[in-house]
Amino acid sequence: MQTSVMMSDLTWDEYQRRIEQEDAIVLLPVGALEQHGYHLPLGVDWMMSTYMARRTAENVGGIVVPPITFGYRSQIRTGGGPDRCGTVNLDGMTLINLVKDVLKEIVRHGARKVAVVDGHFENRFYLDEACFLAIRELEYAGITDARILKMLYAEYIKPETLEKVYAGKPYPGLDLEHAGILETAMMLYCHPEHVDMSRIADEDLPNFPPYDMFPGHQDWVPESGCLSPGHAATAEIGKLLVEEFVDLVTASLKKEFR
Amino acid sequence: MQTSVMMSDLTWDEYQRRIEQEDAIVLLPVGALEQHGYHLPLGVDWMMSTYMARRTAENVGGIVVPPITFGYRSQIRTGGGPDRCGTVNLDGMTLINLVKDVLKEIVRHGARKVAVVDGHFENRFYLDEACFLAIRELEYAGITDARILKMLYAEYIKPETLEKVYAGKPYPGLDLEHAGILETAMMLYCHPEHVDMSRIADEDLPNFPPYDMFPGHQDWVPESGCLSPGHAATAEIGKLLVEEFVDLVTASLKKEFR
Amino acid sequence: MQTSVMMSDLTWDEYQRRIEQEDAIVLLPVGALEQHGYHLPLGVDWMMSTYMARRTAENVGGIVVPPITFGYRSQIRTGGGPDRCGTVNLDGMTLINLVKDVLKEIVRHGARKVAVVDGHFENRFYLDEACFLAIRELEYAGITDARILKMLYAEYIKPETLEKVYAGKPYPGLDLEHAGILETAMMLYCHPEHVDMSRIADEDLPNFPPYDMFPGHQDWVPESGCLSPGHAATAEIGKLLVEEFVDLVTASLKKEFR
Amino acid sequence: MQTSVMMSDLTWDEYQRRIEQEDAIVLLPVGALEQHGYHLPLGVDWMMSTYMARRTAENVGGIVVPPITFGYRSQIRTGGGPDRCGTVNLDGMTLINLVKDVLKEIVRHGARKVAVVDGHFENRFYLDEACFLAIRELEYAGITDARILKMLYAEYIKPETLEKVYAGKPYPGLDLEHAGILETAMMLYCHPEHVDMSRIADEDLPNFPPYDMFPGHQDWVPESGCLSPGHAATAEIGKLLVEEFVDLVTASLKKEFR
Amino acid sequence: MQTSVMMSDLTWDEYQRRIEQEDAIVLLPVGALEQHGYHLPLGVDWMMSTYMARRTAENVGGIVVPPITFGYRSQIRTGGGPDRCGTVNLDGMTLINLVKDVLKEIVRHGARKVAVVDGHFENRFYLDEACFLAIRELEYAGITDARILKMLYAEYIKPETLEKVYAGKPYPGLDLEHAGILETAMMLYCHPEHVDMSRIADEDLPNFPPYDMFPGHQDWVPESGCLSPGHAATAEIGKLLVEEFVDLVTASLKKEFR
Amino acid sequence: MQTSVMMSDLTWDEYQRRIEQEDAIVLLPVGALEQHGYHLPLGVDWMMSTYMARRTAENVGGIVVPPITFGYRSQIRTGGGPDRCGTVNLDGMTLINLVKDVLKEIVRHGARKVAVVDGHFENRFYLDEACFLAIRELEYAGITDARILKMLYAEYIKPETLEKVYAGKPYPGLDLEHAGILETAMMLYCHPEHVDMSRIADEDLPNFPPYDMFPGHQDWVPESGCLSPGHAATAEIGKLLVEEFVDLVTASLKKEFR
């Protein structure tokens, strides 16, 4: 039987041993199934957060729970919106309860160091709520020593890295970096078989107003669904970013959980 | 009986008349009850969003619903966190259902142009969900022509304004602008009787890591609860900002609802 | 900075001080946004309960939370029903969760003496549920010494007062006193700028059967929405009633919370 | 096979026939399991509402659904409160969803004339919500011609009857008539085997203040749990009341559903 | 006043005495209102589980709560499906919350030995959830010594009994034994006035595929709604089964609760 | 870019093309993360249902949604119970809402032929509810032509296969076939790197009574967690079973969706 950091691959007693004897950190990747233009697959968000969680787990002796592959409802200005074909939108309450249930179970297993690694911008406050409610209900059950670290793996990028990635052009921000250089480059590095650079569209950038409309205006979004252009992406840029993010998540876990 | 843009002040038949005959836009301000340091009151978020809604309503012939004065759970890195005394944190689902119910009722009354004016950063995705669910359930009931505009009134600030406000220093971003120059200045302009400049603390700025912890680390937040310093705030700066935001919200509504 | 009994006007440390050092009673007014005929505004219920809470807070050194301005679904025989334009009906569960969340937060702040002051007949059992569930969930969290007093401010009226108000005619009961003498008189005393006596309709009284129909029969309700006539209302009667109610709420709080 | 008005006793095709061919009214009795002093059984509320529904169904050719035997949370001032042994308190949302589901199913079966017959004071607004939500969700499903009548069977009592029952003493109102003359007399008439007159306690009447406390003050309630004395009850009085109520419910259904 | 094992017939103090002094087991029968062919009434499931609970309570000195007469949504392959006239389908969450609330109340009354006696196949996992959640929430409230036994009364049948009942033909299993020999025979023994043997249809047996379709295919189900033929049923077979099941439930309770 | 049947690997426009132009069947695998003894990994249920879905999709030109890897609460008598380390138990309502949301989204994308492939016994009625509610809410939204097929892939096994697998010994049934011959053999065939035959325990078989207890009795379950012995499993038996199940699911989909 192979050794693995993936929880699904472990027997229950091996999983238990790692938690009880090694005080292993348990990582839950969360992503989404969401349109990512003509050149990237629907699974980018959960593939990348699972990749980050796995690499980090290897660094810290952790265990990776199967990813939450469906995320909170896509928004027009950050992911093309909920009306796109292929995007799977969970209701907010569904996502909260799902993540909450899983977190509570991990703690019931004995883990006290838990990390949520997010790869989908819109999940942000719903994951906050899930973590908060998990802690609250665990306290109802008398468990008060569990700690959960939650982070968007790409939340911080070093200025010098941005300089290299964008070659002097301004960083549009994570919300607009949907299927753009960042994600394209990372996928080229981690999952090149799922990228088709020839299909990146030549489109005008979206010019979003400072508000949202419900129902959403589909014509605000470029036809491909990309919110910024990914032409300049390379596997080399991807490597730069991915390794920086792996280091960032690893350092964060080490700092909090030592 | 005084004329008013506030829905609470209208008789039902006057309210009905404005909607039926004037196709009035109905605005729902949303805020929070949240600590804002030693120098600003707990009600800043709903006071300011209500102010923006009222001024905008006067510009566009709209009607202002009583504000939602309680917001989504405060987060450590954007509002000092949910454990602070005085901050009232709604569960995410509570806020979603409250706003959804109110929006559906406004549309049932006949309004088809509805605006949600937000003044609390953490409300963002919960208001998105409320708007989306309201539209979905209205469609179940056969109403398909309602439109809802949702915006954080301060989402966009002109570069030249930022230049004036921060005097060349970098804009920390809306998430860190909690009880800082922006809010202090706006309150000095709109509600000076609720500001005590002498009580702004001299504190080190918080230095947040790129992740959240649950339970939160209170020692990440300065003792006063402010996330950035407000000393430089003046009523003049407040006027500049407030008038710009009123213009922004007004223009947004005019653009969408003509 | 002005002193105030309104929680929204306080800084968090002043709010905390009053609770910790003065064991202040915290009052939550609850009302509704509901049609009140042609002569009274939509906000009567929350305006009056907020008034009562504020006056009582001044009497007992209390603090007033921003009012819940939306109430439980209006019923035909007590408020004209949920189908009226201008009436904002919350789903029962929405109201329960909203009030429950707010009550739990107040107790989390340290308050142990909490009062809910109601001004909308239909809220009755939903507020009971909210209070009960708040206490239950606080007990889950290990807090067992919180106490909540809940009252409809007008629940008891002295016989001699009724005699004066109705001039010998029978008191129709609180359920039928919708936009009638009581509310009209109180508004004339507290918010005269929002009353237009000239618009009180001359209508036949409703003659309700002892049951409810769903969907409701709108023709059971007089066109104005008033369930009893308010012509006889005066500011003097309003003063009599209001001062009696303020005394009643004050005495109730003093008795329970001393 | 016996003929019956009880739905449980019918085959599905006989039930279907009565609805399709006779347009039968379907009646849902709702009650509670609640302490009723030392002399009446826990089931009084559902026994009596079921009795009323059955007698009415016999009058109008209706069908009686099995009763909802558990009601909304008992309140101190109307039923002795939720902390009593033997009283089964449903959460408000549980009762709403239960009644809503059953009502929707009855309409799905083809019935368009539905009646809810209530025998538990605290159920009032929760049954309103259940009826309202059932109608709303039926409309989502395209069914717009269902009508639901809801009544507390004892909501109206003729003055001359009250005169006879109370022998000139004032009627305390339905809220205080808990395990008092009315219920005792009706049970003596309908279910005498479940009444033990010798166990009616001699107690001081409760003297409730005009508010509720959470947690409830058990010492407000007489030890037996009765809120008014039932000594004067007789089967004769019970007959008078019961027959009047049967007539009232019957007449109400006939009026609305012809 | 008659002695009784039925909770509804007891006064609260007699109920309390049995729990406190006799440590009485409290039994909750759960059933359904579901089509059972042309020859059996809609109430079979709750009638039979209530019968089993009552007989068992007489054996063990227990108390029987009023039955849950509405069950989880009928399925095509086990009960004819949710679209049948007369079948009342609760949403899963409604049933869970209803049973959970009742179980928690029984434990609040002081009972620590609780049994759920089920008579409707589809209830299975929903009752598991209700029991689990009741235990979980009781633990939140600090009650950790309550135990709940849950069983389908017919879950086990002795091989020799099956031999007698089916006369050598194979036992189709409980899922297909809907309105077939078992239920028909038991009703003939317990409630013969509700059985009309002359109306058992001569139909081909259903031949279900190993999957379910949504919406369901009504033509998979024989017209009568019976999933297996009941012609061979007799009161004698019913007696054999019923007495065996009563013994089984009784022995189970004695074993666990001694 | 590789061709794939996995939805996550497709671009949105390729996914859309297959649905619109090929009327592709969309398959959702559902499983669990649950202890499977010392010799099988925690992920067996979702790995196997995903395998079945993928093989079937290849047969019918379908698309496979990422699996639901967390299932309904494990039960003592069918999976070792919810208290085991490593088993992740979702609340019933969480699973219902998750599957419902995903199903509705698939239909929103344009798919009208949807299949749910289950690999976890306890999911049964919760998946029924999810499918039913998805259809109901889609109908609210005006979509009435969606069809969902739901099956446990192992629900039917040919008698001759059982004969070969069990070598004449009786088939214990799917509920007891937890980590026994069936699952061990299938994993040996499909995922041999995750099986360690040397760790199959020699234990007495569990001897379950015909009821469940809450809280569960852990001593009912063998220490390893296996409910039946897997020693006799071989890859050859696994192949026999797996290919039969793939054929069964394929044939079922072809029959219903042609």
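By letter and in written order, the chains are A, B, C, D, E and F; residue numbering begins at 1 in each of them.
Everything below uses one rule, namely that a residue touches a chain if its C-beta (ideal position, glycine included) is under 8 Å from a C-beta of that chain, and two chains touch if they have at least 3 such contacts.
Since the structure is predicted, the reported quantities are computational estimates derived from the model, not experimental observations.
Minimum number of contact steps separating chain C from chain D: 1. Taken together, chain A and chain C share the touching chains B, E.
The minimal number of chain-to-chain contact steps leading from chain E to chain F is 1.
At the far end from chain B, in terms of centres built from Cα atoms, lies E. For the pair chain C and chain E, the distance between mean C-alpha positions equals 47 Å. Here the CA centre of chain B is 54 Å from the CA centre of chain E.
One finds 26 Å separating the Cα centroids of chain D and chain E. Touching of two or more other chains is recorded for residues 91, 93, 140 of chain C. Pairwise chain contacts present here: A-B, A-C, A-E, A-F, B-C, B-D, B-F, C-D, C-E, D-E, D-F, E-F [touch as defined].
Of all residues in chain D, only 140-141 touch chain F in the complex they form.
By the touch criterion stated above, chain C contacts chain D in their complex at residues 72-73, 75, 82, 91-93, 96, 122, 124-126, 128-129, 131-135, 147-152, 155-156, 209-215, 248, 252, 255-256. Those residues of chain E that touch chain D in the complex are listed here as 1-2, 6-13, 15-16, 19, 33, 35-43, 46-47, 65-66, 69-70, 84-91, 93-94, 97-98, 101-102, 105-106, 109-110, 193-196, 199, 225.
Of all the residues in chain C, the ones that touch chain E in their complex are 136, 139-140.
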